[in-house]
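Dropping the structure in here first, questions after.
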Amino acid sequence: MNTAVAAALPHTAAPPSPLAVRYATVRARTLALAAPLSAEDAMVQSMPDASPAKWHLAHTTWFFERFVLATRPGYAPIDADWHYLFNSYYQSIGPAHARPQRGLLSRPTLDEVLHFRAEIDQRVLAALQAGNLSEQAQHQLLLGLHHEQQHQELLLTDIKHAFWSNPLQPAYRTDLPASPARALPLQWRSSPERIVEIGAPVWPTQSTFAYDNESPVHRALVPAHALANRPVNNEEYRQFVQAGGYREPRWWMSEGWTLCQEQQWQHPLYWDDALEREFTLGGWRALDPHAPVCHLSYFEADAYARWCDARLPTEFEWEAATAGRALRGRFADADQLHPGGAEEEGDIVQLFGDVWEWTSSAYGPYPGFRTFPGNLGEYNGKFMCGQWVLRGGSCATPADHLRASYRNFFAPSARWQFAGLRLARDVA
Amino acid sequence: MNTAVAAALPHTAAPPSPLAVRYATVRARTLALAAPLSAEDAMVQSMPDASPAKWHLAHTTWFFERFVLATRPGYAPIDADWHYLFNSYYQSIGPAHARPQRGLLSRPTLDEVLHFRAEIDQRVLAALQAGNLSEQAQHQLLLGLHHEQQHQELLLTDIKHAFWSNPLQPAYRTDLPASPARALPLQWRSSPERIVEIGAPVWPTQSTFAYDNESPVHRALVPAHALANRPVNNEEYRQFVQAGGYREPRWWMSEGWTLCQEQQWQHPLYWDDALEREFTLGGWRALDPHAPVCHLSYFEADAYARWCDARLPTEFEWEAATAGRALRGRFADADQLHPGGAEEEGDIVQLFGDVWEWTSSAYGPYPGFRTFPGNLGEYNGKFMCGQWVLRGGSCATPADHLRASYRNFFAPSARWQFAGLRLARDVA
Amino acid sequence: MNTAVAAALPHTAAPPSPLAVRYATVRARTLALAAPLSAEDAMVQSMPDASPAKWHLAHTTWFFERFVLATRPGYAPIDADWHYLFNSYYQSIGPAHARPQRGLLSRPTLDEVLHFRAEIDQRVLAALQAGNLSEQAQHQLLLGLHHEQQHQELLLTDIKHAFWSNPLQPAYRTDLPASPARALPLQWRSSPERIVEIGAPVWPTQSTFAYDNESPVHRALVPAHALANRPVNNEEYRQFVQAGGYREPRWWMSEGWTLCQEQQWQHPLYWDDALEREFTLGGWRALDPHAPVCHLSYFEADAYARWCDARLPTEFEWEAATAGRALRGRFADADQLHPGGAEEEGDIVQLFGDVWEWTSSAYGPYPGFRTFPGNLGEYNGKFMCGQWVLRGGSCATPADHLRASYRNFFAPSARWQFAGLRLARDVA
Amino acid sequence: MNTAVAAALPHTAAPPSPLAVRYATVRARTLALAAPLSAEDAMVQSMPDASPAKWHLAHTTWFFERFVLATRPGYAPIDADWHYLFNSYYQSIGPAHARPQRGLLSRPTLDEVLHFRAEIDQRVLAALQAGNLSEQAQHQLLLGLHHEQQHQELLLTDIKHAFWSNPLQPAYRTDLPASPARALPLQWRSSPERIVEIGAPVWPTQSTFAYDNESPVHRALVPAHALANRPVNNEEYRQFVQAGGYREPRWWMSEGWTLCQEQQWQHPLYWDDALEREFTLGGWRALDPHAPVCHLSYFEADAYARWCDARLPTEFEWEAATAGRALRGRFADADQLHPGGAEEEGDIVQLFGDVWEWTSSAYGPYPGFRTFPGNLGEYNGKFMCGQWVLRGGSCATPADHLRASYRNFFAPSARWQFAGLRLARDVA
């Protein structure tokens, strides 16, 4: 428990509960991520898909106020007007400020938002300490912590895009370490056809947390196939670019090709035109040939795979590969905030951390899927259309946020996430 | 063989080959569908997704010229300029006229296009007769016939939209019969979890035709579930509308709700605001309460299912239900061109014909999928992103075009196809 | 009186009135202009600013039905539904079909529209013959004839754009003569500062027809200036293009430069990229160096003038220059339908006909301006914002439609009209 | 000379020159206007037409660096990268950051921009003191001061729009006085036709400053007309709104009516729907019935005038009315920052200050107009298309910035400026 966390917890005779410690820890981590940002930096919204850091700080706090504290009758919100400002997309609880306008909110100020956070933290921790949160409220508190961890990653990807969009292209931090990766030859790991168990037990019926979209556990038939031992790296992807991959429609989905031409894609989002450097949270750096390629859209990942006469794995193939493997990898906790080469040994490496891996699976419901009950039913279910599943977490994901069953999802056009790919192949 | 077909075939001593007969039959059917249209009607393009009837007539003909006749060295095209005009989306063989501009082509005239058809028919049939088409050319000829049948259905759905877009809202034909459907109670048919064989053998390796996207045959695990005995009907869907289904975000996918509001959807595309009549290819008619609801987008079908506490079936659940069933139903051959109630008896009815059934399956490749070789690889594969699978054919699909393994696909926003739904449910 | 006109007039003992003859003449001329077009050609709407020829034929007829025939109580319209279809922009008399959708109207057919024309002509001529049109109805009939003449020119410019938009780029007529122009050196004609009378007396208070926007006659102070003896020709304009005029922002209005870049203008609308040929109503032709440059937007005309260290004339400077000059020039009556070089002699030539001349005058009301009374007040007044005045008529304008006081107007971005320019200069 | 100004001036034996004092005064005023804003407030760009306050602070400073300091050979800019960021639209000196992205610049910070200002001020004042600025540089310095005063007004109108766009709608300042206006009956002042001198002598040929667009002095014929003694007030305009003025197309220009419907205008921009309150720089306030109506687009001003059977004055009528009148009025110096009622007596009041008055004059060049020489030729000339002239200054204009010949200009759709109207009428 670090100093910031300890300071946040109530000073009482009884030791804080594990949930209180977890709450204080997650909340302190968000503040630490925002610490390098000025009030001005925290206001930038560089595109409608991204949100200002200040909004992330406020929205995650609003989540606890609305879904934990306000579940108690008579609760008086800190500022009733903020309910509208910091609701993201929960239509069942009222209208929300238009997403593309989030960057216009000079008020409330960053200071006010930080005070809002501190005040809500105090209220939540006091309620936990007093033991007067209903079971439902406690569940929603836990959900709120996972929710906040998602926003921690988004805060990083959004600020990266914001800084890159500024012609001055400043670094988010100048103290981020970079150690070049070692070469690791590409190898294929084959699996025969088999039935596997996919997903996580339904929470909170079962005590281990999982999002509704990971449940229920169900059986799936995974065909015979081969999976690459590691993600595609920068050097491999650069060859695709140099071979004219961005100028050849035959590698691309029709919709991806249209986008590629309209937006004049020529290489991954953060690469320079010379294909030698990339923009990172630590500023511009030389491209590490052996590190996983990153910030690809689904369309780019898919096109690359086709160029290799390979394909993206399904999410079931991916999840099946994790069986019996420890959930280790380069997550946000490593504080590098950029993907690097494999440090582990093994037949298949880097399934977790470094880069989210695009799968060929459209994001949809599992057999027997049920949304969370109540207003939080809007959390995941209504996005099960037009999005693709990514697996494994990234260098910007908190380690204890991820699970082997975790399903991230984005539109196939999204390029600003830490997303790369691992190849798969059919096996006769 | 009807008179038009017989007239088209070469008058020779030897009887025409089955392929020649099939060619003449399919080609004559397209002409018959276009017969009620004036040259002006045949020019209308009411939205970018639709094409003018004249373009359908020309494009399908161009397909035979380009992929059958022009495979022979030295072939002289009828008009080299038309190559550009009537290419749809085959980027590998050259640029194409912009799709949204197809309605601007007063030249070539309808007469010129009809002469183009006649001339190409003569050349194709002569080549068949002479036996000087390569095996590949013959395969592409067969593919061209299936291709033309797809455009027969599109010609109908596009002209329906065109006529509906004209404030005068004329009928395509005034001789189309309408016979009210009988009531058929909704019942559920349950299946246990099982492994099923899905798909069709690879053509032309195997001699039975199938599109590349239906292959290869592979095994899939279908979970325990229940399937409705018939499609949702107009009366049931009207209750959803009357219950405020188009004003309640909680039934909708997020993207669907945005669209519903932006475009002010209030009921299925061709219904009147009183929910009493619908626009058909035979003009405005009273809504038949027991006939399948039609012209829904995926978003509407999915929202309706959620309102019923049900869901859409997966395409595997749907295909599994066809096992052992004859491919019978109300297809275009019935010449009603509008869905009606079930005439067959049985535990599950109307799987084929009447309305395409939206499934919950995103359109993607089967394990081991390979596109057709060469330029025709663009036929299906590049659209496997952002589309949803529909199954079973409709009242506008030629009967001999359909297969149980047939996978139709459209964007989830598409409303102008003969598309409805059948409910499914998870079974514990 | 040609045969078509004579045939249209009622065969009665009394000779037809001059107004009846004029009516029959103008109406016959429109038909003659449409004669080279098939029903398909007559349906094309190549951009929202343009209308299909069929719509021009119908709308001008509707004008007489609505504003002449229907002024009599109890008038039964030929088809009440068409009122909505063929109203252009008269909001005070009811809603109108959306302009960009005019190209979707396969119904009514061209034949039906031609019958509509014939029937209305019979009714109008019968009413004239019977002498039972009110004075107001007779005024609106006269206005309707001028209105129809405007649409005659628009029919030509719209069909030219329609044919150019078709990749086959057919000719509207193949019998149009072209005779190369002789060189005429550019010379300047100076005028001292003076007060001039501008405009036309108010019609119908005064018996000579003029649009409301030309009235009342008023005095204007025209500063000392010089005017070019002739319009800018193709050779001169080509030098501007070759000197990089379309790549240098300094010659352009800010809004024009933005447009030039967005739409990638590189030369006048109908020129080829080699700057050697231009598309005409007679098809592609070699650019005549000495003929007036044509199909310029205001932005291009203005940029060219600035490049010459000159400017566009004001509409008052232009009108002042016409004093004492006969209204002669190459109008539509010459049946060349393309601008040519000067055939007249004189110190200033081609003020009338050949090309409309962009002026530097924004289109606004004259002092004391009043719109026509009643619904026709919408004819001109409501467009006095964001448009620029053009003067002098073109090779597509009927000769008896034009006046020295005539004010044509278009948005500064409009390129599809027969519009060129004449230079002016300040004189110290 | 206030304290801030005195502090800014170099402390030397010789008294500062009048130009130095003026420089220090203007620059200090900008800082004072920005003082109520936090760094976050100073970053908001609520629409592409508006700019963040920080950008105004930087751009005006850049103007002096680029057009005064950098005219000397070997000048080293403070930060060469900022040249791109803070260039507005001077294409002749290089590319500029895209206008709609100005709100994304968290870097440079407000502090850095303020240091930039201080550093440039020091350099400019030192150069002035040292007497080593060329005559041209001194001219551009003077122009820069007028330029900065324009941005002072824009800073106010932009921040007003920014605060209004925030759902919290904070006040810019809470100490702004509001004193209700007295009723002043509307009266008409007639003038006979006459020739007047319009405009200002060419600067710097003549020593008194004027923008290029105000020159040269020239004669204009002003027709007989009547002008209202005061601007239209809120009560009068409210009657127009209540009479359905925003729902009746006949009062509106065609383009204005389209905009009114598309953007659902129902009253002036900053009024509430109850027509009782308006948003001001001091927050929400009761509407003062006798104060001039404000924040109208040209379309609204013009529609109101038509509803009154009146019209907007031409800019010449307006300028003629100022003859012999002192340039007095409620300008920004009054520090009310909101229009109020007339305090002066006289036959015509409030020509200056309170609200800019829309004229019926399209913004164009005067006879003999020449742009400023060199790069600053882009200052005004290239906008002479599609804009309308406003006259007289507003409550947000610095008093010593205005002249009777001053021509402000905006697009007819612009609503966020302090713009109202004064009626005019034709006189027989």
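By written order: A, B, C and D. Residues from 1 in each chain.
Assume contacts are C-beta pairs under 8 Å (C-beta built on N, C-alpha and C of every residue); 3 or more make two chains touch, one makes a residue touch a chain.
Computed from a prediction, not measured in an experiment: that's the story for all the values here.
A.B. asks: Starting at chain A, how many touching-chain steps does it take at least to reach chain C?
C.D. replies: The fewest steps needed to get from chain A to chain C is 2.
A.B. asks: Pick same or different for copies chain B and chain C, depending on whether their interface residues overlap by over half.
C.D. replies: The interface of chain B with chain C is built from mostly shared positions.
A.B. asks: Between chain B and chain D, tell me the centre distance in angstrom, where each centre is the average of that chain's C-alpha atoms.
C.D. replies: Chain B and chain D have C-alpha centres separated by 60 Å.
A.B. asks: Give, as an integer number of Å, the spacing between the C-alpha centres of chain D and chain A.
C.D. replies: It comes to 47 Å between the two C-alpha centres.
A.B. asks: So, what's the distance in Å between the C-alpha centres of chain D and chain C?
C.D. replies: Averaging C-alpha atoms per chain gives centres 39 Å apart.
A.B. asks: Can you pull out the residues of chain D that are in contact with at least two other chains?
C.D. replies: Correct list: empty.
A.B. asks: Going by the touch rule set out above, what shape does the chain contact graph take here: line, ring, star, complete or other?
C.D. replies: The chain contacts form a single closed ring, each chain touching exactly two others.
A.B. asks: Under the definition above, what is the set of chain C residues touching chain B in their complex?
C.D. replies: These residues of chain C touch chain B: 38-46, 81, 84-85, 97, 101, 103-110, 162, 165-168, 170.
A.B. asks: Under the touch definition given earlier, write down the residues of chain D that touch chain C in their complex.
C.D. replies: 89, 91-92, 193, 195, 218-221, 223, 225, 249-250, 252-257, 298-299, 302, 311, 360-362, 364-365, 367-368, 377-378, 382-386, 412, 426
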